[in-house]
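Just passing along the structure, written as structure tokens.
Order as written gives the chain letters A, B and C; numbering starts at 1 within each chain.
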Amino acid sequence: MDREALTQTNPRKEAGKPTEKLRHVIESQQFTVPMLMELFDRSRGMERLVARGGSLEYQNRIMATLFYTPSTRTRLSFEAAMHRLGGRVISTEHARAFSSEIEGEDVEDTIKIIGSYSDVIVIRHHEEGGAKRAAHASSVPVINAGDGEGGQHPTQALLDLYTIYRERPLDGLSVAIIGALDKGRTARSLAYLLAKFERVKIFFVSPPEQQMKQDILDYLNEHAVLYEMESDIDRVIGEVDVVYQTRIRPHPHLESASVHQFAIHSATLPKMKPDALILHPLPRTVELDRSVDQDPRALYFRQAMNGLFVRMALLTMLLEKD
Amino acid sequence: MDREALTQTNPRKEAGKPTEKLRHVIESQQFTVPMLMELFDRSRGMERLVARGGSLEYQNRIMATLFYTPSTRTRLSFEAAMHRLGGRVISTEHARAFSSEIEGEDVEDTIKIIGSYSDVIVIRHHEEGGAKRAAHASSVPVINAGDGEGGQHPTQALLDLYTIYRERPLDGLSVAIIGALDKGRTARSLAYLLAKFERVKIFFVSPPEQQMKQDILDYLNEHAVLYEMESDIDRVIGEVDVVYQTRIRPHPHLESASVHQFAIHSATLPKMKPDALILHPLPRTVELDRSVDQDPRALYFRQAMNGLFVRMALLTMLLEKD
Amino acid sequence: MDREALTQTNPRKEAGKPTEKLRHVIESQQFTVPMLMELFDRSRGMERLVARGGSLEYQNRIMATLFYTPSTRTRLSFEAAMHRLGGRVISTEHARAFSSEIEGEDVEDTIKIIGSYSDVIVIRHHEEGGAKRAAHASSVPVINAGDGEGGQHPTQALLDLYTIYRERPLDGLSVAIIGALDKGRTARSLAYLLAKFERVKIFFVSPPEQQMKQDILDYLNEHAVLYEMESDIDRVIGEVDVVYQTRIRPHPHLESASVHQFAIHSATLPKMKPDALILHPLPRTVELDRSVDQDPRALYFRQAMNGLFVRMALLTMLLEKD
């Protein structure tokens, strides 16, 4: 799906304002920097709205959360976002297991029907490309809440970036992305988004067998983004503005002692910059020790909460009348 | 359950207006023609309400959707209908699998308890007659959203009929009902409803092994409705006002080539009347080819959307104060 | 968790009013008699509110129902309570089966994240102590909707007690608690609550192999509550103000004929006091015959409905601004 299919020009908007209306949210690369800035401005507004206990005029709008595979946290975050806007929600937790009717039919037919009941659809699909197919068939906006193992989860990347944006200028940022990066959906999506900013440097820290895949490296090369591949966390941890920790996967060639090499724990903290940011998409296992939680640089629970504001902001952008 | 148990006389209504209030929705035959006309009038009103983004004063009314077996589309259609009215929803997707407490107890006890939390109950039960038993025990209105294999799914039949009514006079209609009709719940329910109108003619088109069962034929005979049994779609398709396509079931005596004989595809379209209506309860498999979707006579997605309006209208009839 | 962790002193409240604000609802013993009286007063108010179809100003408050194991009735009762207050609900029916992300992580992390989306969390956890751990981690109030086999289900005990309170003075009450009491979570929780009142006498009626456990008996001894252990229902049934029937469990040493000895059926009714109250937490099996339902002393469906009012009242106490 090219960028034109995901946005539409809006001739009524005045010069100087963004000329594109967001139509669907399918992959993180679709966002331009002006769109990201509009999203982040709105997200700040949502923080203020929630803080004062307000809501918007969405009481007659319905969001459908159509999860073919379950993801309780992501689903509840979207649903809370719609409720905080004053809207309404219809939902399925696990369409694939529950519904032979839905399992047996093309996602296109399902989307056309659910779209006739609702004003926006949040879909998590088990097949890579499932959200894109849904968007093509849909008469209402579609948000990708994760499609397949190797697919995207763009709202996670947007909330990750918003969390950094709230604390630091994005241009000139240095970021360590740590974990099993070959299958790291959130790591991949974040790399796409970071590439949109100036003078960013990314360190991919991973066991060599689990390093970031070539397609992302090609993308960064095309966009002239500096990156390094690293397998020793200690050679990076003191230099970066952002430590983005993700899951570490047990590996036949990787002893469990080695897993611990890539973990963040209390002994790692003194090595970091005093104003570094520690992020993690959660849930975590051993790669992020609870002893880190009390450190003021630990932002991962704030990051989860920011998902609410970013999803509220996205919904307003999608549901806005042209 | 006789008709008196499903309605109640309302002495306060003036002469000339319907004298019955709808109490439960259990089977399609329970509806009289005046009740159907009231329902369809209200459904038109709901179309207009939704088009202008309005809602009604149902903000303190709760609908419980109690699905012992899952049916995501039907459930979401009911839930969207209640939300579009301004109401509230509590829901279980799959009570039978989830809830040993509910599985182990009589539906009567469950309904009494859920009915003390809610204002109307939508039930899908795995046993034929489950909805009727629920209605007997309930202090609040019950809507049957499908009970058992051989049971009913009356709101599907009502939305099917409403879709035809929006396009054609129902008296004098000729309808081809195609598919595996022996186990076709929607085909059976539609036949009951069509029998209420004048000069209707029904063609049951099916492999002989899967033809409509004798109980429906007896019902049509009693009500002096003309019908024919047919196994060659081509002898019927050019004559009828409505092509109601349903699932075709693989059968030991039916080769897969034969399944295709009963399908609607692009080659079928030129044989139909120029103003025919093509309906299908969806989901579909091979019996309705995607090449048909662009034909202006293809109404099945509209039909699915009409479910929203008919269910909204039914809810207003059930929730109305006496 | 000691009582201080579950409440907080509120210096702004005037003298004569309760000086504690309810923070979490974890176990029935946490409630003092003044708190119970405040809860029951509010519950009466909720009955009146529902009767006149009103709601309160909770339209911007979100309750999360986080059920690791399913309990459809309890969940729907809580959700209806929040809706009747005018509030909003996000929900998972079966987090343990659905969500590998949630299953794999500490309940503490999950609660922190869900708590950043919502204003109150209702949790049912499969491990004893799960709700207490959740409350420790949570920034928003937590309500225990059942934790583990041997854990608590305090709102059930509160609604049980409220049902008695609506009919009788609690001081001086005599109660027969019948069933498989060794694993009877509701029986245990009710015993804790009854012990808070004056001159209460409890008869534990059970096969000797399934009698109430020593920890509860010790608690009653400490609080100077009279109790007797009994295995013959007939020696008790005529004396008590309240018959609290619970499940009877088949047992290797207990013939099915014996199960019937502990059941309440039409032949039991003449033996009871004319103004006795018959309660049961439901669902029931053979231990409470349907022939009892028409008896005016049968209060168990009323008891289930009271759950709505008590849960509404609890939510108002937890969501109230300090």
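The rule we apply is simple: a contact is a pair of C-beta atoms (placed from the backbone, for glycine too) under 8 Å apart; a residue touches a chain by one contact, two chains touch by 3 or more.
Just so you know, these numbers come straight off a predicted model, no measurement behind them.
Trainee: Please identify each chain that touches subunit A as well as subunit B.
Mentor: Of all the chains present, those in contact with both subunit A and subunit B are C.
Trainee: Once subunit B is fitted to subunit C on CA atoms, what angle does the rotation have, in steps of 5 degrees?
Mentor: For the C-alpha superposition of subunit B onto subunit C, the angle is 120 degrees.
Trainee: Are the two sides of the subunit A and subunit C contact the same residues or different ones, given that same means over half of the numbers occur on both copies?
Mentor: Shared-number fraction below one half, so different.
Trainee: Just curious, how far off is subunit C from subunit A if you go by their C-alpha centres, in Å?
Mentor: 41
Trainee: Which subunit C residues touch at least two other chains?
Mentor: 93-94
Trainee: For the complex, give me every residue of subunit B touching subunit A.
Mentor: For this pair, the touching residues of subunit B are 53-55, 70-73, 75-77, 79-80, 83-84, 86, 89, 93-94, 282-285, 301, 304-305, 308.
Trainee: Provide the residue numbers of subunit B that touch subunit C in the complex, in ascending order.
Mentor: 59-60, 62, 64, 88, 90, 92-95, 98-99, 101-102, 104-105, 109-110, 112-114, 116-118
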